[in-house]
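Both of the next two complexes hold subunit A, though its partner changes from subunit B to subunit C.
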Partner chain A sequence: MDALVLLTLFVPFVGFLINGIFNRYIGKKAHWIAVPALGISALGGLAILWQVAGSGQVFENTFWTWIIADKLHVPFGYYIDNLAAIMVFVVTFVSFWIHLYSVGYMAEDRSYARYFAYLNFFVFAMLLLVMANNYVLMFVGWEGVGLASYLLIGFWFHKKSASDAANKAFIVNRIGDAGFLLGIFTLFALFGTLNYTDIFGSNLTVNKGLLSLALIFLFIGATGKSAQFPLYVWLPDAMEGPTPVSALIHAATMVTAGVYMVARSAPLFVQVPEAGYIVALTGAFTAVFAATMALVNNDIKRIIAYSTISQIGYMMVGVGLGAYWAGIFHLYTHAFFKALLFLGAGSVMHAMHDVLDINRMGGLKEKLPHTFWTFLIGSLALAGIFPFAGFWSKDAIIHYSELSGYSIIFYLTLTGVLLTAFYTFRLVFRVFFGEPRDRELYEKAHESPPVMLIPMWVLAFFAVVAGFVSGWFQHFLEAQLPHAHFEHTQAGITLPIITNGLALIGILIAYFMYVKPAVPSSLGENPIVKGIYKILYYRWGIISDWYEIVLMGWLRSLAAGVYRFFEDLFIDGTVVGSAGLTAATGNIVRKLQDGKYSTYALLMTAGFILILYLLVL
Partner chain B sequence: MNGILSLLIWVPVIGALLLLILPRDRKFVLGYSLVVLGMEFLLSLIALGSFDLSRAGQFQLMEKYAWIPSFGINYILGADGLSLLMVVLTTLIALIAFASSLRLIKDGEKVFAFFFLILTGAIVGVFSSLNLFLFFVFYEMTLIPAYFLIGMFGDENRYRSVFKFFIYTMLSGIFMGVAIIYLYLQTGTFDYMAVRSSTALMDLSVQIWLFLAFALAFAVKSPLFPFHSWLPDTYVSAPISVTVMLSALMAKMGTYGFIRFAIPLFPQGAAQMSNVIAVLAIIGIIYGGFMAAIQTDLKRLLAYSSFAHMGFIILGIFAFNVYGLQGASIQMINHALTTGVLFILLGFLYSRYRTTSLADIGGLARVIPFMMVIFAIFMLASIGLPGLNGFIGEFLALLGAYNANPWWAYIGVIGVIVAAYYMLPAYQKLAFLNSSDKLKTQDMTLYEFLTVLVPLILVFALGVYPKMALQYTEPTSASVVEVVNLRRNIQPEVIQEELQEIQGMEAQEEETIEQGEEQ
Partner chain C sequence: MIQYFLPEITILAGILVVLILEIVLGRKGFLATLVSLLFLLVAGFFALRDLSLISPDYYKGLGAFINEHQNLVYIIKSLRLGVVERFMDTIMIVGTIYFVLLSYDYFRSRASGDYQFLTLSALLGGMLLIKSNNWPTLLLSLEILSFSLYALVAFRKDLFSYEAAGKYFFLGALSTAFLTMGIAFLYLAYGTIDFGTTFQRIYTLAQAGFPREVIILSSIALAFIIVGFGFKLSAVPFHFWTPDVFEGAPTPTAGFVSTVSKTAAIGLVFAIFQGLLVNYPALWKGLILWLSVITMLVGNIAALRENSVKKLLAFSTIANAGYVLAVVYAGGLEAVKAAIVFMLVYTITTFGAFAVLQITSEGNTHIENLRGLFQRKPDLAFALAALMVSLAGIPPFAGFFAKFFLAFSMVQMNHPLLAIWLFFNGAISAYYYLRVVYYAFQRDDSEKELPSSRIPYAVAVVSAVLVLLMGLFPDAYTSFVDKVFGAFFGL
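So, the complex of A and B:
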């Protein structure tokens, strides 16, 4: 297992080093290193899953002790159980297809090798996060993923919007990371160790209040990386990066980290269900809140971005309520269909010369048949229509939220289904159906090359079938993960009918608004509708813009004021008071500065003797 | 290797004096100084090699001579793991600071080199003195060359800055001087070991006063909020290589002083004041960060950033547990490497553009991409990215703070956010925005790269294998923690009873010193 883990983890890292250091010489050949590296990693991931599934045991080993201080021993080692194995598989498998797709998508870019270096690094950091056997090492991967996203979101750094978005992603994530750190400190205070095995194996009936606090701190970290309310704000802006990067961030790496972290801490969360409830409630709220912003957006990538925030919210509901397998199951199905949707969006942009505004699209169904069909499959999966992948996982989560007895969470998740179906199909209808709204663009549109279409079809295949394994998946994860005890009422037929009905209603509303307009246009004139539209269009104002308004605006102004009035006048008052003295000294220094080193040597010796003299007497 | 510490102090000083009679030719002077500093660095590596790591907690490489016997002033040098690392760090930073800024040294290179060498020797003296008087002499001696280096080679505001610098550090130093004399009058000795074992008997109030006198000097030097106002102006006015010395090494004299002198000598006083100092350190971390965030000049920004990061070190120290002290110790090294090299890189930029203002330069990732990559690595190390060295120190310091008082960590952790908050936008301006063809220039040269190569390797090495530094400082950290925990909250009467034990320890320590001498 050692060799397998090292291979899976470090081959992408070696790819990063090669492409990163020699990028000038490698140039357009970078994919010959990066894609096979991910291929090897993905095969390794598959082998790990195979071994873990076959043996049913947890693999753990330590290579060396990284940090030692007093009682703190932080090893560099791995911990592969069923959960980690699933994650490794999803991360490497989906990333591989995104790498392959990038070969076509980024073909024209002048920083081709740099792009692939970052991409490899991203996967490496994510794998480190997943495979680590302690919280500190997880944090290394956690911040590594943050760095990778910073580099990739700001990949086209000459665009101010891109480097702004990169900064925003890093800084907002840092807020979460600070929470993560506090979580680590609190756990250490509770258990005296940070290794999973030691923590989970120790007596967990510790101070419940402190444990809740630790878990809430950890969850603050999760809200950053997994883009939950209120730290979700970086994610829509992250669309500034190349589109395959969005696929990587949203599907395989980064945003799933928070969900994984909560699931990883399952043995702790089951001790204090109240902390889990906060997770679930935040997730449910975010699921609906993010969906509302997707309703009226006109940017093809941002709509999908809001849907990611919303879907991660569902996963949080799952893991928060203690139905860990359901949350992770949704993570797994979502990885396929969300990667697919982003690759589809990239394909559309590729065809439309990087236009993002869905108002300028329309009717692309005939022009881009492969993109259309795969995108449709992805959309059906996202909307949760039977029997596509999203249906199985999302319904499982909604089922558990019903069983949990927290009706507010249940109703929020149901609302989310309706909204999701609506905005997803609004997107599909606006892009692929109807008349082309920009003739010129439409005429020039062309289908993408096979190197892009093949990954899309592969992912589309999984977006259809990935959900069929739900029974096995539940069994597999629950064999090792603790879970909350629900009354095991078998999921009946009622709930699927309700969710599919809601989804169909959403699709139909979209249909009658955008394909066969049946909604009276006077509705748009209604002041209430207009007001709601405006609020959503501006993404709830400061709630979405606090980074720009508060962090980059108010706080900077405050600091500038303090600098001017406090730092300069008050603290520095000594100098203001002795301005005259300053001038006098200046004169003396100037006179002494006659350029003869002997003077200086003399002065120095004199000063030295003076000090001695003063002291001894 | 007896006498190596003396060599380390006096080689640069003698080198400087020799310079006075050597020819004036610019190339010769600079080459000669580099050779001296290179030898100095090699000497420190020899010292490192002859150090017995298994006894890292004890003072080794001891030297003891009577100097002014009538006042009991002895010339005692010695290094434990912490001192030794600081000495090696000093010679490394001095070498690369000088080597990296040859092009920036204006006329008067001979004078510059003279003072620079003296400064280096004096700093080594500070880190290896085990006699309070000797320590104080070296401590104050660093001021004089620094004063002239800034006053003669600084920018147009240098008089104002150097005046402020001198007044602040000189005045605060005087308090320490008085305290040392008071200690001498009370104990009859200046020897560190002897003083250390006898201060425990002093009244709490006396201990507090003495601690404050020492702490004031170190608080100004480090600096601790609100004693920092000399720092931005001085760092900005000083020539780059001197800024490197100030931020990387002289600031550490303050934190080293806390660990070596202020706390072990007056543990009860330190324990009494720990809350105040920790809170000031936390304020400094956040305040310094926000002040950095609004700067438009990169040099001033880095000056505030340096100040903010020093807060983590002080916070770690005053956590009074092994995590905090180990974090502080390794962070002293990290801070010197990252902040020092960031200033050096700034010097490279300055030698190209004659400005460090972000209003005038930008978009450099297109112009000098390689240098910007190196800059980014040190920047990321500075903001504590895990895997690089800065993380270890900040993590341990904050963990220590949490264990001392969770609230220190709750608030202090904001500093982790703020570091990214000021660094990334600055880097964005420097590297990404407003690229212009006017800025076209040569990318980092091989020579420039070589000057920062050792720190670059250490940034990664310490990040992945911090044990290589932590093992040197662990015993020292543990002993400081022990002495504080032994003393804090203990009444004087109880101490009286412990007298016996202490005297036993004293005898033992004397023995060690003698052993060291024999070696």
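So, the complex of A and C:
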């Protein structure tokens, strides 16, 4: 296992080093290093899953102790249980296909090697996050993926919007990270250690209040990385990065790190179900809230981005309610179909010369047949239509939310289903059906090369079949993760009928609005409808205004006060003053250094006399 | 009895062999370098072997031997063996290996027998200096070290080189004169040249209370001695020679003076103050404290606006000497360990930096001359950046841990203010170290070409990687130091 873990973890890192250091010399050949590196890593991930599934035990080992500071011992080691093995598999597998896709998508880019170096680095950091056997090492990976995300969002840094978006992502994530750090500190204060086995194996009946505090802090970290309310604001802007990056980092893997972290801390969340309830409620709210913003958006990538936020909300509901397997199961199916949707969007953009506005598309079904069919499969999976992958996982979550007895969560998740189906198929119909709205672009559109289509079909295959393993998946994860703590009854046939019905209604509404308009156009003139549209179109702009006025207003004046006091008086005063002083002293010292040894001998003797004076008298 | 002195004997044999080869085969730079390296590696092996074998009883055999051979007693008793000394030996040997490698690139065929003779003599002088057990041995080994260094500084045989050697020699002679005078006063006070006996007498006097004339004589002696030691350490105000000598000396020699010679001086200071005068703290504690505090500050401040990279490294050497002096003041076993780790890391980092300078700044040491390094040799620029960041004491590089251990040992001995002062100085130093990096990463549109020197290139890259690895896995070497100390003191 040691060798396997090191191989899986470090081969992408080596790829990063090679492409990073020699990027001038490698140039357009970078994929010959990056893609095989991920191939090896993906095989390693598969082998890890195989071994873990075969033996049913937890693999843990420490390679060396990384930090020793008094009581704090932080090992560099791995902890691979069923949960981590699933994650490793998903991360490496999806990454591999997206790396392959990137070969086609990024072919024209000038910074080809830099792109692959970052992508490899991302996989390394993500695996570190997943495989770590303690919170500190997880945090290192957590920051590593944050860095990779920052670099890749701002990959086209000469575009101001891209570098702004990168900064926004980084800064918003810092807020979450601060929460994560506080959580780690609190855990250390509670348990005196940060290793998973030591914490989970210790007597967990500690101060419930402090423990909930620690868990809330951890969850704040998760809301940052996983783009949950209220820290979701960075993810739509993150779409400024290359589309394969959106697929890999901002849909399939990195943004689900928060869900993984909550599931990883499951033994702690089980102690305080109330903390889990907060997680679930936030998730359910975000699921609906983000879906509403996707309803009227016109940017193909942002629609999918909002749907990512919304789907991660579902995962949070799963892990928050203690149905860990369901949350992770949705993470797993979502990785396939959401990556697929992004790759499809990338393929459309590729055909449409980087146009993102769905109002200028339309009728692309004939022009891009492969893209259309794979996109349709992804959309059906996202909408949760039987028997596509999304159905199995989303229904499991909704089922648990029904069982949990928190009816508000249950109804929110059901609302989400309707909205999801609507905006997903609005996208499909606007892009692929109807008459082309921009003839010129339409004529020039062309299908993507096989190197991009093959990954799409592979992911499409998984978007269909990934859900079939739900029984095995539940059994596999619940062998080690805590079970849902409420009464578990077998899912009947009623719930799937309701959810599929809701999804079909959503699709039909979209159909009658965009393909066969059956809605009277006068409805658009109705002031109430118009008002709702406006609120949604400006993404609940009211909320960001509220942010601006209430929060930022007094934060700014506080900051200004602090700035004036500390920065101007204290820091500037000290720095400028000491800089002046050092410069003056430096000049004296340098004046003395005149290169004459008579001066030096004199000064030495003077020093001697001074010392003699001080010592003897 | 020979087995206790294998590293010294190896170096001595090396000196003879390179000289004989020179006479028999004539000037052969490559061969002499190779032979010299061979002896250094063997000596290093013996030193490490000594360390790994060490136990509380390790030197018992030596005592028995001395008892049996009373006629040799004065020869053997003039040296003192121990783990601290062996660690310092190892560090000096590492430094000398660096020096020999860089020198071959610098002097090629001229790095022949006589050059290697000077090199190995300097090393031997340093090794004996830290082990000397009475004043005459100390003076003698100090002069072996110093005279070899004067010749090495002059070895480029041009005006700059001569000027530097001249300054070094005159000021060095002056400081030795002070040192000798101090020794005379100390003899007057205690009536013996032997460290052991002096130690005994100080101990007895400390129990009974020092007579007034002993205090006065000791104080006068210390004032004189500190000039000699301060000169070797380049402690303020005896540091003035350092920038000038670095500027004029051949680059490898500047590296040698800044590392090997400095390690010897540190070993000496530890031996005298933490060993000999440890029972008499009132005499020297305050002096060493102020010397260290001022040396750090002056070194760092003078470096801030320095535009010659070599002089900048000279001031950095001065500042670093101040850091180690601070742990001499703080005292304790942890301080000794921290100083050993610090000197090892410092030797590797500094010599790595000098290797880069040997490629970039030969003939023009101005910092502007580093411009375009990243463009022409990106890996070398990264190596320089790693080394400089390590010198500035920023994690994850080894320099951070080296400084951290120093500060940690100070805190342990209840001197938190000193630790804060250390980090405050580290913060100042970050400015000028990073300034070097800044210039290395600037664009330069001139047609300048860098010499393609393989040895310094490899040395720089290897040092940078080492510094990173030692920063990532500090346990690897600190645990060895801990283990050896534990074994020696039977902890």
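Note that the second predicted complex is superposed on the first by the 539 of 617 C-alpha atoms of A that agree within 3 Å, B and C clash if a C-alpha of one lies under 4 Å from a C-alpha of the other, contacts with A are read in each partner's own complex, and residues count from 1 in each chain.
Operating definition for what follows: a residue touches a chain if its C-beta (ideal position, glycine included) is under 8 Å from a C-beta of that chain, and two chains touch if they have at least 3 such contacts.
Every value quoted in this text rests on a predicted model; they were computed, and no experiment measured them.
In the overlay built on the shared chain, the residue A:Gly144 is in contact with subunit B alone; subunit C does not reach it. Looking at the shared chain after the overlay, A:Asp177 reaches subunit B, while subunit C stays out of its contact range. The larger set of touched subunit A residues comes from B, when the choice is between subunit B and subunit C. Using the contact criterion defined above for the overlaid structures, shared-chain residue A:Tyr314 touches neither subunit B nor subunit C, since it reaches no partner. Of the two partner chains placed by the overlay, subunit B and subunit C both lie in contact with A:Thr65. In the superposition on chain A, contact is made by A:Ile21 with subunit C only, not with subunit B.
In the superposition on chain A, the residues of subunit A contacting both subunit B and subunit C are 64-65, 68, 582, 585-586, 589-590, 593, 595, 597, 600-601, 603-604, 607-608, 611-612, 614-616. Listed in rising order, the residues of subunit A touching subunit B in the complex are 64-70, 72, 136, 139-140, 143-144, 147, 150, 154, 157-158, 160, 163-164, 166-167, 170-171, 174-175, 177-178, 181-182, 184-186, 188-189, 551, 555-556, 558-560, 562-563, 567, 571-572, 574-575, 578, 581-582, 585-586, 589-590, 593, 595, 597-598, 600-601, 603-604, 607-608, 611-612, 614-616.
Of all residues in subunit B, only 20, 68, 71, 108, 110-111, 114-115, 118, 133, 136-137, 140-141, 144-145, 148, 151-152, 159-160, 162-164, 167-168, 177, 181, 226, 228-229, 290-291, 293-294, 321-323, 326-327, 363, 365-366, 380, 385-387, 391-392, 395-396, 398-399, 402-403, 406, 409-410, 413-414, 416-417, 420-421, 424-425, 428, 431-433, 435, 464-467, 470, 474, 478 touch subunit A in the complex they form.
Of all residues in subunit A, only 21, 24, 64-65, 68, 582-583, 585-587, 589-590, 592-593, 595, 597, 599-601, 603-604, 606-608, 611-612, 614-616 touch subunit C in the complex they form. Residue ranges on subunit C touching subunit A, taken from their complex, read 166-167, 170-171, 174-175, 178, 216, 219-220, 222-224, 226-227, 230-231, 236-238, 240-241, 243-244, 283, 287, 298, 301-302, 304-306, 378-379, 428, 473, 475.
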